[in-house]
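Can you keep this structure in mind? I'll have questions shortly.
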Amino acid sequence: MNTPTPTERFLRAIIGRAYPRVVGQNRELSWLVIDCLLPLLGVAAYVYIYKAMNAAPYFISYVVLGGAMTAFWLNILWSMASQWFWEKETANLQIYIMAPVSPMAILCGMGIGGLLSTTIRAAAVVIVGSLLFGVTYQVSSIWLVIAVFLLTLISLYGMGMLLASLFLMYGREAWHMSNLLQEPVYLFSGFYFPVKSLGAWVAGAASLIPLTLGLDAMRQLMFSSDPTLGFLSPWVECLILLALCPFFLWLAKLSLARMEKAARIEGSLTLRWQ
Amino acid sequence: MAQAIETIDLVREYRIGKKKEGKTMRALDGVNLEVSPGELFGLLGPNGAGKTTLIKILVTLLYPTSGVAKVDGLDVTSDVNLIRQRINMVSGGEYSGYGILTVRETLWMFSQFYGIPNKTAFQRIDHLLEVVGLAQDANTRQNKLSTGMRQKMNFCRGFVTDPKILFLDEPTLGMDVTAARDIRVYIKTWMAEHPERNILLTTHYMAEADELCDRVAIIDHGRILACDTPVALKRRVSGGTLFEAELGGLETTWEELRGFPGVRGLSVVPSIEKGRTLLKFVLDGEGVVQGLITRLSSEKMPLLSMRTTEPTLEDVFIALVGRGLTDEHPDAD
Amino acid sequence: MAVVLSAAPPGALPLWQRAWRQFRTASILGWKIESNWADPFIFAIYTLIRPLAGAFILVFMYLVVVEGSTSNPYFAHMFVGNAFFMYVARVMMGISYAIIDDREHYEMLKYIYISPLQILLFLFGRGMANIITTSISVVITLLIGIWPLGIQLTWGQVNWGLLLPSFLVGLLALIFMGFLLAGTCLLLARHAWAISEGVAGVLYLVCGAVFPLDVLPFWIQAISYLFPLTYWLELMRRVMLGSSFSGSLAGFSDWGLFFLLAGVTALWGVASILLFRRFDGLARRRGLIDQTSGY
């Protein structure tokens, strides 16, 4: 019997765990309504708030982009950070931990699977939202937009892996923590308004959440808006995101090892019904 | 050559309640065990005996509080990844995977965590599904399966990674008679085909342990009470007399009979459907029988039948512990 | 044969007493589930942070664009509407999520179904914990609105006589909508748990929670009038602030609006109960009562 190499095992584990996320979407078509239509209408609410305030048109563009990016944040919170909680309840977690592969591979698979399906959802919100509300794009550097978008997602999913590992010890608390984080991040990352208006200190602190800088940079690069609304220059934001990617992945790996050890001491890996 | 499984003075304590209260419950209390390569080893004990805790430690899901546990010569606390490449575990009564996937997809997914190439994985999956009678449902979504079918699928998950040492924790729990028999047959076949491999089986079905295991350890309250072949264990009670009496009624207070002169152990098995109670005694000798019949005849419930029997593993348990496997149900395992 | 509550075994408690016990038990259960995960201090923070974050998103949107004062009556209407809207997502969530939680997490739904229990009463009870915690959030949000944000809300101008009946009827409407969502959840996979948040987002738009209805296109306004929440939010703003927000509803007197709210709520009550039963029947037919569907 050929023993697979650690790399082979790692890659196969990623594909294995991503698979249910990808096919799950095709088999439960309710996501079309729940993850595309409903969020789009939610975005529309914020568009009409700005319309009621007679805001400049670029604010509407900000909302459409921010609304689309919420899909990634929700995916991180509910399908990664608190996912172990569900996995524990269904006895999958113990199988993952017992497998001869780093739990990082399982989380990567979970993330990539979620990323693929969420990108479709986010794209749907951007396209339909842009058509409905007449969003006009004035892209200054397409390559920089792509780089910022990819770096935002990599660092964001790295953060998701970190949260998942932190929540490994918890049962239902993980679910509540995700619930707790959801809205404050909408606020501090400036999903619906320029993050600069929070003030330099708050915006600076919020920059630890990759979406903050990603959104700010993409807004500056994609729309013709008031240049004073940007927090930092897109290049600087891109570089910070580049640094955040390995930072979160390293932190997630470290935290996962610690949390697994603590969970094995406490005996909480197989504790159900919390 | 290293033992397949070895534990030395293994202790595991669980914290109960809040940390500052400092209360603990000892689930394993100095377990010493040796399982040689090629053995199908049984761990017998009632609920709460510590069987599952022992397995969790051996499969690297739980740290021991103290003592040593080794699997294939590797330490469960320091050689985690090496152990995980060699083992797998199936817990009866638990399911795994995602309802949205089919049986075949689910098993493939789990095989990927062990890095098994697709071709090999699907060959094994198809073979296993054939063996357990799930081949026709290979492409059925898991959430459409019956409980028994899901358990069979979970059982296949344990074998699909071709482990060197397999831990089966109550694998036939809740299965119907035919399904349980199929599973037992496959376990025997797998061991015959892989004589160098090991299975550690926990069960509280005595007949299952008797039928399958090369050696059996009897565990209660976190301690190993006896460890030997089923034949040798049964021989331990052969010096005594096994006596069964069936009474018409469901009286529950039999404690006094445990102290009856010459009674080594007593198991009480009430049958609510029949409205009868079966009393299984392990006695010092045949001389005790007459006195016991007289004592039982004085009960309000009629004595319906009585007989002396051949020893089973349950009788071994009664003789060792003084009660039957199902007589009490401590609330933790 | 289905077991109905009226077919009581001999010696059982009277109907209303059994109903009360069922509701009380479900409420206690809901409270235990919601509050058992953390100490009271963290739980209190939890009930505050999320709603306040939502309110402050609006504050910043307003401040960035209008660059005006939060003492502007427009801001007060927006803030009060948003505060009461907190009930919408939380109450609907409390009721509908109980289906998914009990089915996929605790795996208790099947046992609840086979007991002689009024499932809607049970779901209402499970939602009670959210009603209580949201009430605390709403009160604190309003207090923060008064100080430090300085919205124009004085206790003297509040129409106390209309406040309680309007509030209760609005809450009833939310409970009915929660039943409808719960019925929908019976037919959907676990990942649909967020449906209540999604629907709340739609209602945020359609019911004019934070802007006058007049800003919406005509066809969306037509849809708005079908929802009791449109009238409820307008009533709560009038009751608290003494003036109307939406021009299209300004023609109604306060009590006229109240009766309109009551009428539409009654229609929703009938529709949601009938639809729940329909979805419930479909779920049983498809064998979904005890499904586990995560991925």
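A few remarks follow.
In order of appearance the chains are A, B and C, and numbering begins at 1 in each one.
Basically, contacts are C-beta pairs under 8 Å (C-beta built on N, C-alpha and C of every residue); 3 or more make two chains touch, one makes a residue touch a chain.
Bear in mind that the values here come from a model prediction, so they are computed numbers and not experimental data.
Of all chains displayed, A has the C-alpha centre closest to the centre of the whole protein C-alpha set. Set against one another, A-C and B-C show the most C-beta pairs in contact at A-C. If you average the Cα atoms of subunit A and of subunit B, the two centres end up 44 Å apart. Our note on geometry: subunit A versus subunit C, Cα centroid distance of 28 Å, whole angstroms.
Separation between the centroids of subunit B and subunit C, computed from CA atoms only, is 49 Å. The multi-chain contact residues of subunit B, meaning those touching 2 or more other chains, are 98, 100-101. Counting partners per residue, subunit A has 20, 23-24, 28, 90 as the residues that reach two or more other chains.
Shared interface positions of subunit C, i.e. residues touching 2 or more other chains, are given as 189, 292-295.
Those residues of subunit B that touch subunit C in the shared complex are 98-101, 143. Within the complex, the subunit C residues that touch subunit A are 33, 36-38, 46, 49-51, 53-54, 56-58, 60-66, 78, 104-106, 188-192, 194-195, 198-199, 201-202, 204-206, 209-212, 215-216, 292-295. Every residue of subunit A that touches subunit B in the complex is listed here, in rising order: 1, 3-5, 8-9, 12-13, 15-17, 19-20, 23-24, 27-28, 90-92, 94-101, 105-106, 261, 264-267, 269-270.
Interface of subunit A with subunit C (complex): residues 20-21, 23-24, 28, 30-31, 33-35, 37-39, 41-42, 44-46, 48-53, 55-56, 59, 74, 78-79, 86, 89-90, 171-173, 176, 179-180, 182-184, 186-188, 191-194, 197-198, 273-274. Within the complex formed with subunit B, the residues of subunit C that make contact are 189, 291-295.
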